[in-house]
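In what comes next, chain A is part of two complexes: it sits with chain B in the first one and with chain C in the second one.
The block that comes next holds the complex of A and B.
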């Protein structure tokens, strides 16, 4: 699944570790999300959406739209 | 900003881990070699699964020891556990890393213990075997508690990696076990012992979990 996590993070000048701290996950998880190696659980997707103040579908793209 | 690509620092951290592994592993190899040369231990009675289990046990123990040592320095712990990290490990991370390291080291000790006991005491009396088994059960209980603690502290990707590795191992090995059992019943292949099967399971799990971890950037 594609996502805009890296762009949203870069806009705020956060490192992967900064974002990991805010989401209470490991930095490796952020890296895996950004590189498309891991799809988040629904609870984590909601936490990401709330953190960036955007709907889930504007952050994640399953290619079906 | 943290880079996700392979960097000189990342390669340096991996190289340092490899060198540390060679030093500790080499030291253990030298010690075993000396004991063999002096005739203090006799490996002639070892089965293939004893040898493989001993190799896996040494690997687990050595990696566990290296990681435990690394957790006494916050910067080193971060580099060893997450080479691309741009900051020292926090106290909570240190505790988490240390628990993982102790779980690995204990797994190594428990795997080596039955083989080592049989090598050290020949013949092995029932009293000594009972004492060794009691020690293994005690270590197993401690390791189980630590394993549960690691699972609770781990984030969702680590948990999913463990769950996926477990699922793949179950589906592949239950099929392999069925086919081997059928062939064994038909007297086409030799019988496997519980120790043989445990060794295959542990080796296969380590390979699968390592592959999944590397693919997700965890290792």
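The block that comes next holds the complex of A and C.
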């Protein structure tokens, strides 16, 4: 699924490791999310949305809208 | 999982795994020695033969505990996928070899090998699964 994680992360000047720490996941997880090859569970998607202070649907795009 | 442990669940896994494997190795050597020296029979032989199996059963439980405790869902996902590959490899080899034993007089493959084959398949699959997500 496409997402804006990389952009949001860059806006805050965070490295993948920074974001990994804030979400309490590994750096490889961040990488898999950013490439759109791994879709997060709903709980992790909510954690990401809260961290960036944006609704889930502005961060993730399932291509249906 | 590979490399050094990076989170508490992985550290706990190793803290359980390493001593249990040490117990397993000790049990193998002890039981082999007892069988060579005393050639026990009957119920005693059954009891002794089960001893090395117990730490391996514990290893299975330890793997299950790690799966439950691992908080990183992506890491967990990779592990579960690699376990499925391990299961697939084990069932395939046991099925094929089983028929070879029945019809073609292939040498007997001890069922003990199921677990090592599972672990081998799981370990082999992991780098390939990880590469898919890069």
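The rule is simple: the second predicted complex is superposed on the first by the 65 of 65 C-alpha atoms of A that agree within 3 Å, B and C clash if a C-alpha of one lies under 4 Å from a C-alpha of the other, contacts with A are read in each partner's own complex, and residues count from 1 in each chain.
Definition applied: contacts are C-beta pairs under 8 Å (C-beta built on N, C-alpha and C of every residue); 3 or more make two chains touch, one makes a residue touch a chain.
None of these values were measured; they are calculated from a predicted model.
*Asks:* Clash or fit: chain B against chain C, after overlaying the two structures on chain A?
*Replies:* In the arrangement built by aligning on chain A, the partners chain C and chain B clash.
*Asks:* Considering only touches as defined above, state whether A:24 meets chain B (first), chain C (second), both or neither.
*Replies:* A:24: touches chain B and chain C.
*Asks:* Is A:13 contacted by the first partner chain B, the second partner chain C, both or neither?
*Replies:* A:13: touches chain B, not chain C.
*Asks:* Tell me which of chain B and chain C touches more residues of chain A.
*Replies:* B
*Asks:* Go through the superposed model and pick first if A:3 touches only chain B, second if only chain C, both, or neither.
*Replies:* Touch partners of A:3: none, neither chain B nor chain C.
*Asks:* Could you give the residue numbers on chain A that contact chain B in one complex and chain C in the other?
*Replies:* Dual-contact residues (chain A): 24-26, 28-29, 31-32, 35, 37-38, 40-41, 44.
*Asks:* Please give the residue numbers of chain A that touch chain B in the complex, ascending.
*Replies:* 10, 13-17, 24-29, 31-32, 34-35, 37-38, 40-41, 44
*Asks:* Hey, which residues of chain C end up touching chain A in the complex?
*Replies:* Those residues of chain C that touch chain A are 6-7, 71-75, 77, 130, 132-134.
*Asks:* Would you mind writing out the residues of chain A in touch with chain C in their complex?
*Replies:* Checking each residue of chain A against chain C gives 24-26, 28-29, 31-33, 35, 37-38, 40-41, 44.
*Asks:* Touching chain A in the complex: which residues of chain B?
*Replies:* Contacts found on chain B: 1-2, 4, 82, 84-87, 155-158, 160, 215-218.
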